[in-house]
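Heads up, the next two complexes both have subunit A, just with different partners, subunit B and then subunit C.
== the complex of A and B ==
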């Protein structure tokens, strides 16, 4: 039993400095910037995790339909990425996240989330098991200090690789055909949530059958040096398959239709929340299904199970279908048109579902056991005047649309 | 195989107290001690043939009366005699100051006006320490869900504060987080007296007298009592090991089993519950309650980060527990003569801290990883009152020496002989000729103490005793109040509230907490 105080204080600060330069440029260019710039007719940019990213490139509507009827390319390089490797990588991920990582096989991905000691969600993301002892964690927010502190007691290395790895999402019905024609041999073998490596320009590209659209789709990761050649390879092969680059506005519609939530849009992550009542347990944002009480200990387990036992969950995240066709973005939700019970965090008219849909956070018991007589108050700006609309809302299951091609095996050729 | 209700990890005095109280509640208790001998940092050990000494703790000044009562220690050989031990402030010019009675009921060698000023300050310090004393005896309050008894206890403390009267209450609040040097400068003139108070306030802490909040250390000291007398101190006959022997006798009477050479390698956890321990020899012992009376950081190492939340692990790592106090044991040919100190006063606590500034200057280098070239120290000559500790005519000197930073920049291998030389030079100045009578010397630096007594950082409080690591934050929030995030695992050592020193309070409170929860 080695007990020394030097061991207590031995954790080097060096790895913590590694990723601290990101603020020096207010909007970093993406590795794909030259190609995106060439296509950007609208010059409609926003900042995503410090990167310059397009809201739209040429037409929001058509970009959306590229997802649903062609092949849409969305640059996901700004997504925060960590490389986790070592003999204890599985145990580390299992203690860090909610789901049972021992059941995640090499070559598979799962959607998961992680919490602080109090069980409040720090972020959600995808965990890629690249090999038995190598993982990639992709997420919205930066977590290096948390991950490094979580590595105490584990034989594991955690490295920030956001800037080293470029990523593209290729989504839509023809995405499989694009990849096949681009020469990614055996790509048809990838089932949903599978990962495989493919040769590219003397290096390799990691392709997973994943996405944020609820459609047939893939995500491709390469070292930044191979980014532009990968882009060119896809666009060359995709020319006759209607390949198009898209911005976030179109993707956001697709993800709402798929019923997927976005950290710090549909819920406030624990390290960002300033107000204590904004913190959320997994069960309060629809992620309760991830919590595996039977696996070993994981961060927040005690607090989450205690909250379940005490029935002290205060919120619930629901899908709503709203009458009419006016999107209820950020509308207040009422019970019996009187009592304020929550807020819509995302809403659109769903072009594919042909329904007016929304994602909302409600105060329990509303949305949980009380689901009748719900209303949303929409303020629609009409020629410098707000039209106040009180519309009936119904709790409906997510996803709002289900596309068989997403999971079809082999994927269909279009 | 015998089965146990409770396993206590660590056979230091707190572990033994906790084990005994739990055994008296009808539980079968097993105490596991890693070393060959129980007692932890409160042992009496032979450091040279024929010379025995209290190994780390050498002055008894806070053994809690409730511990004495709960364990019936007086019937188990505890003798609280000699609690009128004086404190002597040594002086290189041969003008020592002597504080007689419990923490200076009277002064010998000070001016009449200083004696008056001291009487007022002493009364004030005891009054204020008295406000804090109940907090240092009870379990810290539970901020999340305070029970009725906790609320009323807090209300009582508020009431006692109110009873002080407006002026005194204002002064209590004003002084609470002050540094000791400013307080003594306000009220006293005599450098020797100021030096003593400054030294006592920072003894065992990584603070200088001018560091903010350093007065708290003095309150902690004054909240202690011996034989019902506040601020009293004594050298136990037979060394500190005699206190542990009395506790061990009470433990045996209560039916506690004690195993030495039984180092725990792992605390077994199943579904968030502590269920047992694994020893170094891979032996597995299970019990419904696991009490850890060892260092809190070591305890959670034994649990393993995998069973704990990241934020909690982070907090435990950030506990400050790097010691600054070294322990010196000298085997002397004959009793030394300190300049100007009467024969009888050599039996007192001899403090070398000529002024508050001297203590502050001793602290300065330690902030930057260097030892004090002119260290300050608390010296006792235990063999004078208890000749059994040394061969005929010879003498044992035991001293706590500050400051000796745990992480010495040049490393302790080369630094230790230099530090020893500095200590001997300081001793020579107040006891000329002492160096020539040294038959054997043992100097324990914080890393030595860490290794020998399994105290990470070599810190005798198992965590700095400063405002941010006290009460509900000791050792960290979520593990204050003796329970831990793990069901069935409890803390009972000095790293828990109220802190270190031979008091038995953490052990007693932990046991009472377990009984309160589990019946």
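== the complex of A and C ==
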């Protein structure tokens, strides 16, 4: 039982010992931290998956308009990332996720989700097919045990690479112009959901035409060692295109306008739901479109198809347009102003759509077959007094705004 | 340490009645001033009853005491941490007004034999990163583990403050209570129902295997499954024991543990002050020899000196064996009840070493600024070591390589020692009630202590030199002083055969006994051990029901939403 110095010095243990002092820094700095710190005038931080991340840097309104009028840079490094590789990588991903991965060509990304055996959504995320047998799965929560268990029987390796890969979202009308002027040759060839590799500082950067804003935009991934030089390259090229770093508050507005949902904000992921009635099938959170019943077996298939056949889906996630201009965040939704039928999970006044919009989870049949006479009860705190408003809401399609520049080919300069 | 002996009630006659002076008859006499006895007494007194607590020791508190056994050092010399004590009780009995403060403490660490350690950090991300030092997979398995344990805790928590139904009874209340249980169970959903049954019957080792691959991570969690239990981590039933330790809370943070500021005696001091403030009377140095039974009904107690004290009813805080095998004559009890009481499992399995230190011990494996110094520290880094420790218990020996739950409350609590000096509490698993079939001797006790100290000293150079004083408590000392049969800290093991309507024995799980007017309120009754107070509170509720007295002063269990 005695502790010997030789044991401590044993080579295989060194990384474990070296990692001991993580407790001194509870929030990891991003690989871009020096650049973000230099811009963070508000010192307005939050915790994203254990990282220190900005809610705003200078002014959340102006940061929002950078997304919609110029080019906004948002650090997505904290996003959880898994590298999936091997001869069976495609078959594994196809078994794991809802969509048909055999139709996801190398050099393409799709937005997908994965479920437990009961069909309850474990998370949603983006699946990048980097090559025929290499994938990157990006998501909000952590799933290594699930992924490893699901990989049994497949010739595939799954590695968590969150801290090894830095990511930036470059979003907004001039984002294409920024990348072009930064010298990413042939960037104009990228169509929505395309991925390509570009040389950078002796290494490479993976750029996809994706984003979380509903706008023209790209996401860039590099090994952490190349993070700062990538940032500098973008900001240098972006100087004449209004490039601006932003925090989450601005991004969140854009994503609500785009009608996109956030795990554990708009729905509760299955491995975190303590209350079992919070579990959701894909169809209950607006992800039913992903389910490919024809592609063969995948986790949760039987349960999802049974729920569809039995019409036993209990919930539905909808977009709402609400009268007036007061955001209905976390408001209760009523039918005929009386019967409580659900909750608003995200809501803003949309600056771009000039509408009062919300994402809400409702109990079927409300929001599904019964969509008339819906109301939200808004408690607006104004100088220590609640103004209680009962406002009419109607179910509207998502996204709440549709921007042609998002999909234009080739993309425009602004 | 201020004395806790006060307010002793002057009882006049030793026996019988003096001419012209009527002997007092109490509304209720509570045997034993442990936390459950005091909780029970408080609720009865607040209902308007005239209640006397008799305590054999010169101090009150039972297994929740703070004692100054060497000058300048206050020991939590039995129980040492607080989480299970129900907040509803703290509130009903105004314990904060009487000085009770429960403070959260840090996560701790398990030292590993290779010179490293595994820490438990309160910060979720730090916790994950710490596990990731050992296994990337285990790091990401914790959320699902925590979810499943939390789901089970939420199922059990509302049952703590309810009297278990008697399934053989056809009284509407029992049927209603059974239906409540059934509805709750049915509400779990198929997957959780299966999980619940597994949880109540599995070994903690098997349970942890379903989530984690790293031995030290499993050993880290498994300790909660064996504490105070004469079972090994590989014995079925230990998964529930872990749950029992998770269903407490500190101010709504379920599963969190804290220190009672001033040691665990602060709990019983606040209870006794609350009791006295309402007019209750406590007599210390008043050991009960037996319960006075006439015509199948309890009439009071007879102290060991022969003094008789009369009461309309008697409530025993002593464990079920002590109560019915020592304090009540066998002839007063049905044979089957007696047989079941004899068969109730209440095996001693643990000991305690309380140490006064002149300075903060160092653990070179831990960084000097590690928060783990302010948490619970362990040395058992594998499931096999833990199980081997149990093998020794089976052979009638204390574990040669024991599992310790060691903490230094004074790292957070400034009230127990002078600045710079420390009290260290070491819970020791396993220690058998008898050594190879014979009684513990002083030499055994010293050998047991040496085993503990040498384990600590292996990880803490110079540890022995810091020791100012030490109190060693084997099951022998715990039984002799606290009165817990075999030194079992839970007044009976927390296995599923002895829970709910089977605790302590079938047919008598509602705090009543075969003797009219004699009630039980200790941890031998539902929902079991730990400094929870729920048995004492539930017993009071049943007593008041029998007396047809209101119980408006008793809050129902807080909602679990």
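In this section, the second predicted complex is superposed on the first by the 389 of 414 C-alpha atoms of A that agree within 3 Å, B and C clash if a C-alpha of one lies under 4 Å from a C-alpha of the other, contacts with A are read in each partner's own complex, and residues count from 1 in each chain.
What we mean here is this: contacts are C-beta pairs under 8 Å (C-beta built on N, C-alpha and C of every residue); 3 or more make two chains touch, one makes a residue touch a chain.
Treat the numbers as computed from the prediction; the structure is a model and nothing was measured.
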| item | value |
| --- | --- |
| Subunit B versus subunit C as contact partner of A:150, first or second or both or neither | first |
| Partner chain in contact with A:407 - subunit B first, subunit C second, else both or neither | neither |
| Partner chain(s) touched by A:91 [first = subunit B, second = subunit C, both, neither] | first |
| Partner chain(s) touched by A:301 [first = subunit B, second = subunit C, both, neither] | first |
| A:273 touches, of subunit B and subunit C: first, second, both or neither? | second |
| Touching partner for A:160 - first (subunit B), second (subunit C), both, neither | second |
| Residue contacts with subunit A in the superposition, subunit B compared against subunit C | C |
| Doubly contacted subunit A residues - partners subunit C and subunit B | 1, 3-4, 8 |
| Residues of subunit B that touch subunit A when the two form their complex | 34, 263-265, 269, 272, 280, 295, 297-298, 301-302, 304-314, 317, 321-322, 406-407, 450, 454, 456-458, 478, 485 |
| Contact set on subunit A toward subunit C in their complex | 1-4, 7-8, 10, 13, 15-17, 19-24, 26-28, 47, 49-50, 118, 141-145, 148, 160, 271-274, 276 |
| Residues of subunit A touching subunit B in the complex | 1, 3-6, 8-9, 11, 91, 95-96, 116-117, 146, 149-150, 152-154, 296-297, 299-302 |
| Residues of subunit C defined as touching subunit A within the complex | 113-117, 119, 121, 123-126, 128-130, 132-134, 136-137, 139-141, 143-144, 147, 150-151, 154, 188-189, 191-192, 211, 364-365, 367, 369-371, 401, 455, 458-459 |
